[in-house]
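Structure record follows, encoded as structure tokens.
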């Protein structure tokens, strides 16, 4: 029982880490970054390259990778999205195309095999409430919690954070207050991508770096965002908890295969009952006047 | 229509002007019916396409005829995407419709023994209905949710099938009934493509189509005009989705197999890339783009998965730099001339 | 509710975030009345229209049309019952030509029922309607793409879209804003004709001179609340109204 709770929490923290970047970008600037999964893989891959090809120490490589991926995200906005801002079709296709293209590039250079592995921060494990948990997983939990706390404080307490939330409410009003919407969008994309890289570096040491994970992360980000409500940190956490624990419970008591069905059913239920997500504000068409 | 581009050449200023060609202006009026030359001008592009496509399978070898069939299938998917987009909904891939149609046909054939002549139409209808129902909840939300859900749903369905082993699981269903003959299959694909192309075009030009276009342009104004936009959006999805489901059902019997590849990325990206490159909103552009990209894909088979990189980046470049697409550009050239004119100043 | 009341609003309230846009609003409109709705910017006029026509859900309160509760009905249901509205930001259907813009309301169940299934050619009806609101019939203007139309034409197109629905109640949200004096002068008769035919009219306006010529009753809003309701002369003489528009000296 204790094991289930702990692993459920860790699972949820993993999901939160993976998905918070996407929701952040979408919540601030309204851009759904379909390249989120690709940036996740990029974060891991860049770190791997730095460690193995150039021999940089792991912490430094991790830090550089996060920054580089963040810059890539900002570049995506500056080079591509800037020109098509506001046209839904173009934004979607642009991020989607870049995402797919990037992942296929990784696939084509042969990013698979046992040599592609990120080292863990700390080897070994710890006993918690009678359950052995390895340090890496505890770190995931810690990083996830810290990130959420940081974001909450940032958006509710600091001036810049409040400005971001102002943009999220209504871009036109924000513009009239002199907050630059383009710069904010670029920053939001950079941050979202950086968080994706952070997630990759924290989570991927548990197994191998695989390009397919990018696709899985994107799907998860969409699912968590739809269920929790895109702009809400609380929503992301709750949705992550639901999916995280559902996966553990289903795997323990039923068949692991059913966890995907749970995902689908949860999404459909939320869409039917409260379409904007558990914590989302109304985004129905009629309310946009 | 004059589009001013001004440059200074010495003292006089020039601007570029675009005018409809004389023959285009004449053929827009009743004059077209009374003159062979104008009628020919209008019919030529269409005739060339239709006759050309009908002749090609007789001329090419089997391998390339299969490419033609694949091109028609992608073309149908592209048209399906374009039609739904005409009502203002941008799907991230017709994979959902394609995969569902493919599996419905495969299931009907494998478990119930229905022959293709039944399984394909039934899969088309019920597949489209199934997808429409799945998408219904999202119709009330902002457009981006439509993209998200059309992307996420097929991915989840794939994983459910893979993990649960249902409907053949990872191996898929094989040894399904074939099409009556290769020629029947080929010309069925071509015929279906033409039905979609001319059918969608005709439909979008009726008053019904104007309503759909209205939903795209300003859904609130449509609502204030007394029209239930959700009902019409659902219809648009059903109609476009039928084309997609048909494509899937067709392929199931063409390859005599249905499996996880039915939900593959190719069926997502290629149709959108084709439409974006060819030109959205005009259906002919979608077809045109398919006829460029799919043969290109075949030719580039040697470079493996770099192809996907190529056409996804092509897609991005076109949507940003040349959103009107190639077809629109060519159409403009066909119908209009450009010349430099002095500006009065 | 008297037998002549066509629209009744009861204790309507709506807030967005922390801002109270409309607060405890109640009033009745009689059939055939021409009600003007005025007030400073941000006083909640447009929100009120959105609440009545179903585009925004109220926090509290009810809206009744011809005795029926329409409070939570969808905008298209309300339109089909007979309430038509224009939008302050008139963008119409930007990619369609002007006369095609009207096809959409002509396609609605309400109009179809009215014409008993025989609609004739909607295109013809559309061109006729455009001529009524001032689009010159034999020119290229009705065929121009809406996004290329000058502002005054766009506004009149909005009016035509409303009229195409054959409404019993027409709500015009700042129709005259941005129109030239000549355009206003040529549009007023069209609106007056609708009134003569028995249509109930609600008009939000800032151009008070033109408005007062045609309305028989005025309601004034400020900070989401009704501060005056009566004949134009009474209302404009009230202190509360003057304070709202001009501010007080405290």
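Order of writing sets the chain letters: A, B and C. Residues in each chain are counted from 1.
Definition applied: a residue touches a chain if its C-beta (ideal position, glycine included) is under 8 Å from a C-beta of that chain, and two chains touch if they have at least 3 such contacts.
Being a predicted model, the structure only gives us computed values, none of them experimental.
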{"item": "Maximum centroid distance from subunit C, chain identifier (CA atoms)", "value": "A"}
{"item": "Chain nearest the overall C-alpha centroid of the shown protein atoms", "value": "B"}
{"item": "Chain centre separation in whole Å, for subunit C relative to subunit A (CA means)", "value": "46"}
{"item": "Distance between the centres, which are taken as Cα means, of subunit B and subunit A, whole angstrom", "value": "32"}
{"item": "Centre-of-Cα separation between subunit C and subunit B, whole angstrom", "value": "40"}
{"item": "Set of subunit A residues in contact with two or more other chains", "value": "286, 289"}
{"item": "For subunit C, residues that touch 2 or more chains besides their own", "value": "55, 74-75"}
{"item": "Set of subunit B residues in contact with two or more other chains", "value": "220, 223, 229"}
{"item": "Interface residues, subunit A side, partner subunit B - complex", "value": "30, 32, 34, 80, 83-84, 88-90, 92-94, 96-98, 100-101, 104-105, 107-108, 215, 219, 222-223, 225-226, 256-258, 260-261, 263-264, 267-268, 271-272, 275-276, 283-286, 288-289"}
{"item": "Residues on subunit B engaged by subunit C in the complex (per definition of touch)", "value": "207-208, 210-211, 213-214, 216-218, 220-229"}
{"item": "Residues of subunit B defined as touching subunit A within the complex", "value": "85, 90, 92, 134, 137-138, 140-145, 147-149, 151-153, 155-157, 159-160, 163-165, 219-220, 223, 229, 265, 269, 272-273, 276, 280, 304-306, 308-309, 312-313, 315-316, 319-320, 323"}
{"item": "Contact footprint of subunit B on subunit C as seen in their complex", "value": "53, 55, 74-77, 79-80, 84-85, 87, 91-96, 100-101, 103-111, 122, 161, 164-165"}
